[in-house]
Amino acid sequence: MNVSSSSRQSLGTLLPKIVVAPTFVVTLVFIYGFMLWNAWLSFSSSRMLPKYDWAGFIQYEKLFANDRWWVAAQNLLVFGGLFIVICLLVGLFLAIFLDQKIRAEGAIRTIYLYPMALSFIVTGTVWKWILNPELGIQRMVREMGFESFSFDWLVNADMAIYTVVLAGVWQSSGFVMALCLAGLRGVDENVVKAARVDGASMPLIYRRIIIPGLGPVFFSALIVLTHIAIKSFDLIVALTGGGPGYATDVPATFMYTYSFTRGQIGLGSAASMMMLMAVVAIIVPYLYSELRERKQ
Amino acid sequence: MSLSRVLIYSLVLLAAVFYLLPLFVMLMTSLKDLEEIRSGTLLSLPQGLNFDAWSKAWGTACTGVDCNGMKGFFWNSVLIVVPAVIISTILGALNGYVLTKWRFRGSNLFFGMLLIGTMIPFQVILLPMARTLGFLGLAGTTSGLIMVHIIYGLAFTTLFFRNYYISIPNELVNAARIDGAGFWLIFFRIVLPISVPIVVVSVIWQFTQIWNDFLFGVVYSSGDAQPITVALNNLVNTSMGVKEYNVDMAAAIIAALPTLLVYIVAGKYFVRGLTAGAVKG
Amino acid sequence: MKALKIQNVEKTFGSIKVLKGIDLEIEPGQFLILVGPSGCGKSTLLNMIAGLESVSNGNITIGDRDVTHLDPKDRDIAMVFQSYALYPNMTVKQNISFGLEINKTPKDELEATVAKVAKMLQIEPLLNRKPKQLSGGQRQRVAMGRALARDPSIYLFDEPLSNLDAKLRVEMRSEIKELHQRVGTTIVYVTHDQIEAMTLGDVIAVMKDGEIQQFGSPQDIYDNPKNQFVAGFMGSPSMNFVPCDVKQGMNGLVLVLESGGASHELPVENGIEGLSEYVGKKVVLGIRPEQLTQVSEDKPDTMTIPCLIEIIEPTGPDTMVTARLNGVRTVCRVHPTAQSKVGELMPLQFDMSKAVFFDPDTEQRIY
Amino acid sequence: MKALKIQNVEKTFGSIKVLKGIDLEIEPGQFLILVGPSGCGKSTLLNMIAGLESVSNGNITIGDRDVTHLDPKDRDIAMVFQSYALYPNMTVKQNISFGLEINKTPKDELEATVAKVAKMLQIEPLLNRKPKQLSGGQRQRVAMGRALARDPSIYLFDEPLSNLDAKLRVEMRSEIKELHQRVGTTIVYVTHDQIEAMTLGDVIAVMKDGEIQQFGSPQDIYDNPKNQFVAGFMGSPSMNFVPCDVKQGMNGLVLVLESGGASHELPVENGIEGLSEYVGKKVVLGIRPEQLTQVSEDKPDTMTIPCLIEIIEPTGPDTMVTARLNGVRTVCRVHPTAQSKVGELMPLQFDMSKAVFFDPDTEQRIY
Amino acid sequence: ADVEVLHYWTSGGEAKSVAELKKMLEEKGHGWKDFAVAGGGGESAMTVLKSRVVSGNPPAAAQIKGPSIQEWGEEGVLANIDSVAKAEGWDALLPSVVSDVMKYNGEYVAVPVNVHRVNWMWANPEVFRKAGATVPTTWDEFFVAADKIKAAGMTAVAHGGQPWQDATTFESVVLGVGGAEFYNQAFVKLDPEAIKSPTMIKALNTFRKIKAYTDEGAPGRDWNLATAMVIKGEAGMQFMGDWAKGEFTAAGKKPGADYICAAAPGTSNAYTFNIDSFVMFDLDNKELEEGQNDLASTILSPEFQEVFNLNKGSVPARLNLSMSKFDDCAKLSSVDFVSSSIDKTLVPSMAHGMSTFSAVQGAISDAVTEFYNNDSVTAEAAADKMVNAIAAAQ
């Protein structure tokens, strides 16, 4: 009896592990395994197809000597930073506005949210038209009589990356809005009352009390936005094609171009390793602190 | 209405116009003929309601050697999306359930690993995945593609469910355990029935992600099993030939219709589901 | 000048009238309790005093200012909430000083006030913690500290103790009481716990369904409830209500009580004239547990009836026994040493000097 | 055969020992209370009995079965949780019958049991509602119904009443007490409310920091606490602890009490031999509020001392006054009619027959 | 079994041409499994192809061109179709510049579909008439004409600012400024001396000068929109391969009358070619091997070559085919193809990956685009950069 009961017990404690085991294995193999695989390639001399030899750090040396790589890295910083910050701000403000007992809130919320339903390919294509000086906004405004109006970011090598930010924000800020709205709806209304009695005005209450309390919301949003920023590949391809020139290249497009169209898989792998390391360096400490704090 | 209300309403409406603009352009363009597109501006209204481009995109446009439009590919996508969404949601739910209600040593670490997994750029895994699929004998099959979508959707579905389940009191599980229920019974009878809000979130998210996926679709599917995004891409990307923008736009809208519909119909539940728990880190 | 004057205040949510004409006045420094069952409109009334809810009808005056339509921040009030409503992202210190900071209090004055309040409430070591690092009682203190720092003309409390456990609640109750004695400001305090109401209040307004049922001092309300609702609501354990037939006995009116299988006649103390109209009819006898005790020799003239014991609950200082009178469960407070067992008969003494009587239909007191 | 036997049970979370060797035994049909301050390990112990937490060390026996390593479902127990933990997606009926259904109880037997339980708890009209359509008290009843339907060998309750408001808590307390008297099953009941502990339990285990401080009947624990912790924890308001100097008086030992500006000598009743060792040193006098009362003529031989009143709290049946003795706040329970005012001197009678004494350092009782 | 063909001709006339091939193959008793991946001038298709090969599941045939064929050959995954070639005598049918590309280790692994001429200039005679300009034949003439068109308020050059279009224009400039031999030295032999030579500097500066004659909307513009500008008379000229003809035809324009096809300035006796071709993958399957051989033979058959190239605007890769059904531009292209082949002025298009491996082409293209878009880069710096980038990519 004792024996059978203890074996039953062990099945009981094993079962949950068995249930997550597939995911665990999948994560290990298909994420971390592939990362390692990629790391190996970055030390190989692979060109057209993967080759499993040892070439030392030569790919990294090539990478660091490559101007285009540095443009791409810088673009990711600019794009990622602006995209995330602006999405958070826009999403937050839209949520705050919608939280003011707006009529037809449901419809407006859907309008803000629907871009999330479109693929970046579609988003990129449409924005490419709208932002094109000869087709879109600039032409329209000029035809309305403002001849000197100029809005040519898309075709301006210095500004093109901001159009990517614009389209990205258009697509993703609605999601942040939904998250923030959810967060705002969860705020203890007594806290707001307390602050009003303390003499605070609504803007002050938002600034000092409600928004600082949305930490977990921003955390969730940040995870999703980072994920989207890294996957912005499609958007850039469709919107600017990395251009003008390679002015809007980002590491993802860089890596893709070198690995797949230019037959320099080793170099592409080195680029993606750098990208992964950057992501890990930023996200892991944050994740760690957040998860630990949650646990308490 | 006070001044501040007026201000809020105008900002809200202005934002709405900004968000609607691209959809408006797409719609207008799809309703024009090529001549109008060449001569007019993006925002000008079409001269009449002309659905030729739509019927062409749906039924007769060429994507490769077949000129049957998008309709076949539409169903391909459905065949891929439905199982992938269902399976990844179920697995995510189970993972979330274990990670919150049946914790074990290292379960938090596992979750952290999974979260980092969401950050991996998909371009990186294209070749290793191809190799693995070939190894498994799934290369170029629909099941292979479904598997890929499930694998890379798991991190997010798990995240959603974990954050939701963390707000469900453990006492509920304990009560059921004492009532004699085991792991599965508790999951199916107690936990799953109260997961509707987060299931909606997970399904909408996964549906959108998988339906809109192009990269995996193009690389891991073959021939007439390709999803609609690949067909859209083939239709839109004439490398050397005449571009029919109206057909392109109609096709783009057709490709986006299911996800749009999902957001319009279930958007309310989406926000509600997020409120119900996805927000809590 | 009254500290607070509420005149015919009404509140409607949609088509539902939640407050039906409230009238109240309190003197400066008085401690007013609003007590009543859940949903009776206590919080609504308090929120209206605070300015957090608009007033549908009537007037509210604080001191000599009509504040009916003022913003909360212009009313010179401070409020403590049931859930404490501490600002979760701020430290204890910031929580306390937030109101001062907004009102542009000079830095050093602010520091001084925080220090004073923290000392008064003994929360100095907590000043740099966040609310979630505090226990229930500590949070409660901080919430009070936030109100105290403001030094307003009225403090409003909305069930500030109901999230605490029993022991802590008793402690905090004393602290609030003492604080009021020390600071001497006007306080309006909402609770649905009648012990709090009794121990804290100078005056109590017992509310039900948006109306004030009785307004008076604690002891007055306890001893002279106007109706069965107030009588039952105030006091713990509750007053026992036993429906009885009224008969004309030899020395005056008597009540017929069936207990332990036998029938007994309980003489009514004189002076309740209204009772004579009920001869041959039923009245409801209201008698508190402490007036039903074990037999003791020092009160030889009180009536003793043997009762069948159904439940025995020793609380330590006293033992509560439940007996059945006229088919109704009746709680009696006996001395812990008074021996008895469930299912046995126990003679119990009826102290009728404080008993009250109610009309069974209108539930109004019979005087 | 014991209903429940806990032998040297320990629990460690990580490196922290939460339970430090618990030993307990109860007879079938007994009502065991686990009481103690928050965090002392009550829930942990209960969860270990239930099988929800693994046992780090020691043995748990229910009836004649060693259940230490069994799954909860194999232990033949039922449990009621603080938050009730009703299945939100099921109706009341389904909630009650879920456990039976899982155990493959035949349909008609199941129906009969649900009907019986619903009748017993008077929740028949609620059977088809969902939990969120119920009030707190109704939820509590359903949670009990779920446990009752199972007819297990032990019921476990984890603070089942702490989410209810004061009034309801008193009512439900009586109901649980009565239910136990009626059904007669063994119950283990966790609470940190000592009134619940006193009124409900046949035996009480007072816990602190993962150890049992005292195990005995309610009245025994109330009257004969083993140490200062138990004495202070049980009873509401708490026992007063007054540090005093012990002196050799003329007729035996006396305590020196400073009150209202004057010094008084309080004779100690005889029979406490250990006290003689403390002559010239300090002891802690433990005296309960009900032993400090207004002066009444029928106890002429008790000692009377005038005390300075600091707080007055009328609760209705009694009035609690707080006085200062040897610089320590002391709560006294006086009759509501006993007049006094804050800041005045009031003569109070000391009933020393039940007073207890503690060593100021070890906090252990002096016998 | 079905012969799976990976290609990136997915829409419009191209799709029709492929459908023709499918039909012909099916007539020979083989099934056709279409595997179309459009986008980015075949970039997506190459990505897919690589993962298919890596997964051990390559298609039977894939659209691959230029030196990439050699790269694939080196990986050892290609099928040998030399038997068909021998039987049909391809060596005699194809110019040696073409057949060299189709061979790996001296044996045929690929079959050419067509020949595109890249160094075309498309002009709108109406615009020239209005501006009083003449169609230029040298770069000096070009700037005179461009000035006039610009002065007349029209855009002189319709350009699409995408890297491959930049490169297309640039290689025409290099060919026009430096001649075929210099072109070969720079873009085929990748001689650093040539790339840093004054000739290249001159070409670069000429190239940059063109920018002044394009409009604001150029960056990112698709090539066909640029063509439309010429068609509509908004712009005077466009440098683009012969596939642009399809746009003119679709708009109902007649060559000679409504539009002019001329060699880019200074390149009339030279010819940059861009050849589409299919390679066959080694599948280890007898039945499919037969299908692959039949596919190869079909592709080079006169019927298909004619049908396909009529649709696509290019000329047949196969010599000695009657051009009677083709238009004047195609006829001119065909004649120039043969003559330049004899004169050794037939050069592979750098912009379209015919002259070098993709890595090198990418490196050149990056430098060119960077130079064109960023005015702060001097021609000398750009040339240096090109040399370094080429060295790094090899």
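In order of appearance the chains are A, B, C, D and E, and numbering begins at 1 in each one.
Just so we're on the same page, a contact is a pair of C-beta atoms (placed from the backbone, for glycine too) under 8 Å apart; a residue touches a chain by one contact, two chains touch by 3 or more.
Note that the coordinates shown come from a computational prediction; the quantities given were computed from them, not determined experimentally.
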* Asked: After subunit D is dropped from the contact network, which chains belong to the same connected group?
  -> one piece
* Interface with more contacting C-beta pairs, comparing A-B to A-E -> A-B
* Compute the centre of every chain as the mean of its C-alpha atoms, then state which one is farthest from the centre of subunit C. => E
* **subunit B and subunit E, separation of their C-alpha mean positions in angstrom** => 38
* Asked: What whole-number Å value describes the gap between the mean CA coordinates of subunit B and subunit C?
  -> 57
* To do: Pull out every residue in subunit B that's touching 2 or more other chains.
  => 126-127, 129, 182, 233, 236
* **Numbers and ranges of subunit C residues touching at least 2 other chains** => none
* To do: Among the residues of subunit A, pick out those that touch two or more other chains and give their numbers.
  => 12, 50, 135, 215, 256, 260
* Which bits of subunit B are touching subunit A when the two form their complex? -> 5, 8-9, 11-12, 15-16, 18-23, 25-26, 29, 41-43, 91, 94-95, 97-99, 102, 104, 107-108, 110-129, 132, 151-152, 154-156, 158-159, 163, 182-183, 208, 211-215, 229, 232-233, 236, 248, 252, 255-256, 259-260, 262-264, 267-268, 270-271, 274-275, 278-281
* If you look only at subunit D, which of its residues touch subunit C in the complex? -> 38, 162, 165-167, 170, 173-174, 177-178, 181, 192-195, 198-200, 218-219, 222, 234-238, 288-290, 298, 310-311, 313-318, 320, 322, 333, 336, 342
* Asked: Of all residues in subunit B, which touch subunit E in the complex?
  -> 38, 61-67, 126-127, 129-131, 133-135, 139-140, 218-220, 222-224, 230, 233-243
* Asked: What part of subunit A is in contact with subunit C in the complex they form?
  -> 188, 190-191, 193-201, 204, 208-209, 212-213, 215
* Asked: Can you list the subunit A residues touching subunit E in their complex?
  -> 47-50, 62, 65-68, 128, 132-135, 152, 154-157, 160, 237, 240-247, 256-258, 260-264
